[in-house]
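Read from first to last, the chains carry the letters A, B and C; within each, the first residue is number 1.
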Amino acid sequence: MTKQITLAELAGYLGAELRGDGSLMVSGVNTLKEATAAEISFLANPSYRKQLTDTRAAAVIISPDLAEEVPSAALILANPYLAFARVTQLFDNRPVTPAGIHPSAVVAATADIGQNVRIGANAVIGDNSHIGDGCEIGAGSVISEHCVLGKDCILNANVTLYHDVVLGERVRIHSGAVIGADGFGFAPDKGYWHKIAQLGGVRIGDDVEVGANTCIDRGALGNTVIGNNVILDNQIQIAHNVKIGDGTAIAACAGIAGSTTIGKHCTIAGSAGIAGHLTLCDGVHVAAMALISKSITVPGAYSSATVQMPMKEWRRNAVRFRQLDSMAKRLQQLEKSQEGDA
Amino acid sequence: MTKQITLAELAGYLGAELRGDGSLMVSGVNTLKEATAAEISFLANPSYRKQLTDTRAAAVIISPDLAEEVPSAALILANPYLAFARVTQLFDNRPVTPAGIHPSAVVAATADIGQNVRIGANAVIGDNSHIGDGCEIGAGSVISEHCVLGKDCILNANVTLYHDVVLGERVRIHSGAVIGADGFGFAPDKGYWHKIAQLGGVRIGDDVEVGANTCIDRGALGNTVIGNNVILDNQIQIAHNVKIGDGTAIAACAGIAGSTTIGKHCTIAGSAGIAGHLTLCDGVHVAAMALISKSITVPGAYSSATVQMPMKEWRRNAVRFRQLDSMAKRLQQLEKSQEGDA
Amino acid sequence: MTKQITLAELAGYLGAELRGDGSLMVSGVNTLKEATAAEISFLANPSYRKQLTDTRAAAVIISPDLAEEVPSAALILANPYLAFARVTQLFDNRPVTPAGIHPSAVVAATADIGQNVRIGANAVIGDNSHIGDGCEIGAGSVISEHCVLGKDCILNANVTLYHDVVLGERVRIHSGAVIGADGFGFAPDKGYWHKIAQLGGVRIGDDVEVGANTCIDRGALGNTVIGNNVILDNQIQIAHNVKIGDGTAIAACAGIAGSTTIGKHCTIAGSAGIAGHLTLCDGVHVAAMALISKSITVPGAYSSATVQMPMKEWRRNAVRFRQLDSMAKRLQQLEKSQEGDA
C-alpha cells in the first residue's frame, strides 16, 4: 500500500534537475539523519550541511550551490524546503473520510451539499448551509445554519462552526476548533453584566489553516475577518471583530483581543498577547510571550518578554524590578551631583 | 424575515425619551460609522462623539447631555451602552435549536427533561440528570450523569459536562467548553505520580457565561464554585476548588490555579495567570498577562507584565534584567561613597 | 448506594497500622476541617497540624511521628498523601460508561475491539484501530484509523484521536483533548505558506494523563513522544516532534514548541512557554509563566516572570525597563569616574 515513486518522476513533479539514477524508487521522505535507502531527504537549513556526508537517503533535494556535496543522487532546485513540502504531500498518509454522507450524519433538508462531498459519522449540517464541492467534514463536526464552505475545505473531527461563518476555498480546520462563538461583549449596569448579542459573523479567506482548539469569535457588529493564506496554530484566541491580513502566521496559544487589526505577512510567536483596539502594520514580527499593548506602525520585530534565569538569581533580580523607578531616579541624582562636582 | 421595529416601539422597550419621528422603522443596529438609514446606532464612548455629525443612522441612542448633537432622531436615556445591549437582543439572529428532542439524541431513561426543552442532533444526556424548563442543548453536546441545569440554560454545540455539575438559571456555555473534568491532583511516591480521584463537583450560579473551549475542573474534595453573573471568555482554565465571586469578569486565555478564591466584581484581563491557594479580595483588577503569585487584600489594579520594545532595543534591555540585583547594589555603593565624600 | 468501609478494612487496603476501633464505618474522605464523623481525613502537609485538634473525622491518616496528636482513631503509615490518593480511588463516584458498545456508536468493521470494552453513545472508531481490553471510550469521542489503545485506557466524552496515535496502558484523556492533529509546518515561498504534510504520529506511554482541551500534535517526520507516567493538565499545547521524559508533570496552559526535548521528572508550571528545538535535561523545574528560550543542562528551578505590583507603581517601573541598558551603562560610567576620583 506504500506509495512508490521514481526519482525521475519526482524530478518531474518538482521541476528539479536530477543528478543520478532516475529509475531509483523511493517510498518516503525523512531527515538526512533518519532517512533509509528507500527514502528521499532534503537540505534546507545550512546548519545540517555536515549531515550530508553520512546520509543513507536515496537522494537529497538541494540547492544548486550545495549540490556538489551530495554523496548520492540529487534533485536540484532553488527552494529545497518548498520542494520538501511538496514531497510530503505525495507521501501523506492521512485517511480521507469515506465518500458520500455517512448514514449517521444529520444533514438538514435545506442544506446545499456540493459534488464529491465527504461527511463523516455523526456530523451535523444545519439549515441553509452550503458545503462546496470536494469538502470533507469530519466525524462529530457540527456546522450550524447559514454557513458557506468554499471548495475543498477540510474540517477534521469535532469541529464546530456557529451560524453565518463563511470559509473560502481549501480552508483546513483542526479538531476542537470553534469558529463563530459569541464575542465577549457585556454592558455593565449597577454591578451587573448585560449580554450584548453578537450580531456579526466570521469571514475566512482561501488557503487558511486553523489549528486544533483554536477559537475565532463572531463579530459584535460586522464580521471578524481572516485574510487569505493566514495560518493559525493550536489554541489561539481570536476575539470579535479582529481583522488579520493575508499571509500572517500565528503560533500556538497566542491571543488577539477584540477589534484589533493585524497587517499582512506578520508573524506572531507562541503565547504572545495583543491587546484590543490596536493596529499592527504589515510585516510586524512579535516574539514569544510578548505583550503588545500599543499599536505598531513600523515593520520589524518586537518583544516584551523577560529572559530565563536560575530561580535563585531570579528571586534577587525580580524583586528589584519593583525598585526600577527608584533606581533610575537615584542614578539621575548621582549624575547630577557628579556634574555639580565637576 | 428581517425584524422591523418603529422608533416609538424601541423607545417604549428601552424606557427612553424619543425625539423625532416615532413611526420611523429600523431593522438593525450598527456603529455610528457603519449604520445605514434603516439602522439605529448609539453613542456610549465620548471619543466617538465626532462621528455624530456624519452618521446616516435613523436614530441614535444617547445620554441627555449629548442629545443636542444628534442630527437625526434620538432615543435619550442615562446608560446608552446598556440600551445598546438590550437592542442587540432584539435583533439577535442566532438560530434556535428546533423544539423537542432530535431523534438522533441519546437521552437516558432516568433523565428528567423539563418543559420546552430543545435538544439537538446527537446530543447525549446521562442518567439522573435534570434539564430545566426552556433549556437548549446544542448538537453533539454531552451531559453526563447527575447534572442539574436550571431554567433557560443554553449549551451550544459540542459542550461537555462531566457528572455532578450543577448550573443555575440562564447559564450560557459555548462550544468546546468542558465543565467538571478532573482537577490536576497526583501524589508523588518514589518518582511516580499516583492519581487522586477528584470527588467534588462544580457549582455554577445564575446568569453565567462560559466561553468557547474554557475548562472548569471539578473539585478534589468539595466543589469548584462560580458565583452569579460571572462572565468567562474563551480558553480560560479554572482549576479544582477555585471559587469566583459574583459579577467577576475574566478575559480569554487567563488561568486560575487550584484552590484560589477570587472576590466579587473583579476583572482579570487576557492571558493573566493567578497562582494556586491565593485569595484576591473584591474589586481587584488584574492586567493582561500579569502573573499574580501573592494574595491581594487591597482592591485596585495590579500588573506584572513588561512593555513592548523593538527587538534590538529589547535584546539590550532584557539581558540587563539579569543584572538588576547587581546594579541595585552598585548604586547603593555609589550613594554611600558619595555620602562619605560629603 | 454510598460505599461504606470499616477502618480495619481500610488499614488492610493501605497497609497502615490501625490505632482505634477497627469496626468503625466510614463512607467518604475529606479535609480535617470539613470531615464529618462518617469520613476519614489525612494530614500530609504539616501546616495543617493545628487542625488535628478540632477535626470531627472518624479517623486520620498520618505519619508515625505525628500519630500521638490525633484525637480520634489513626491509620499510621509513611506517606499519608499517597494513602489519601489511594483512598480517593475507593470513594470515586465517577460514572462508568455502560458495558458494551452503545447502539449509536459507529465502529468500523475492521476495528479490533478487546474484551470488556465500553463505548459510549455516538462515539466513532475508525478502520484498523485496536481498542485494548478494558478500555472506556466516552460519548462523542472520535478515534480515527490505525490507532492503538493499550489496556484500560479511559477516553472521556468528546476526545479526538487522529490516525496513527498509539497509547500505552491506563492512559486517561479528558474531554476536548486532541491528539495527533497536524503540527504547524509550512514552507514559505514568494510570500505564500505551503503546507508540509505531517507524516509522523504520536506515541504515548503507560499511566499518562492528558487534561481537558490539551493538544498533542503529530510529528512532521517521526513521532511526537510522551513518556510513561507523564501527567498533563488542561489546555496544554505540545507541538510536533516534542519528546517528554518519564514522570514529567506539566501544569495548565503551558506550551512546548516544536522539536523540543524535555527530560525525565521535570515540572513545568502553569502558562510557561518553552521555545522550539531546545533540550531540557532531567530534573528541571520551570516556574509559572516563565519563558524558556535556551536549552538547560543543569537540573534545578528556572524562571523569567516578573512580580506583581499595584498598577500605579507598575507604570513607573515598567517604563524604566526600556531604559535598563542605558541605566547600566550610566552606572558603569559613574563607577569609572569615581575610580578616577579615588
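What we mean here is this: a residue touches a chain if its C-beta (ideal position, glycine included) is under 8 Å from a C-beta of that chain, and two chains touch if they have at least 3 such contacts.
Bear in mind the structure is a predicted one, so any value in this text is a computation, not a measurement.
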item: Labels of chains that are neighbours to chain B and to chain C; value: A
item: Same or different residue numbers at the chain A/chain C copy interface, by half rule; value: different
item: Geometric centre distance via CA averages, chain C-chain A, whole Å; value: 26
item: Residue list for chain B, restricted to those that touch at least two other chains; value: 104, 122, 140, 158, 176, 213, 235, 253, 271, 289, 305-307, 309, 319, 321, 323-324, 327, 331, 334
item: Complex contact set, residues of chain B against chain A; value: 28-31, 34, 44, 79, 81-82, 84-86, 88-89, 91-95, 102, 104, 120-122, 138-140, 156-158, 172, 174-176, 207, 209, 211-213, 229, 231, 233-235, 247, 249, 251-253, 265, 270-271, 288-289, 305-312, 314, 318-319, 321-325, 327-328, 331, 334-335, 338
item: Chain B partner contacts - residues on chain A that touch it in the complex; value: 104, 106, 122, 124, 126-127, 140, 142, 144-146, 158, 160, 162-164, 176, 178, 181-182, 184-189, 191-199, 213, 215, 217, 220-222, 235, 237, 239, 253, 255, 257, 271, 273, 275, 285, 287, 289-294, 296, 298, 300-307, 309, 313, 316-317, 319-321, 323-324, 327, 330-331, 334, 337
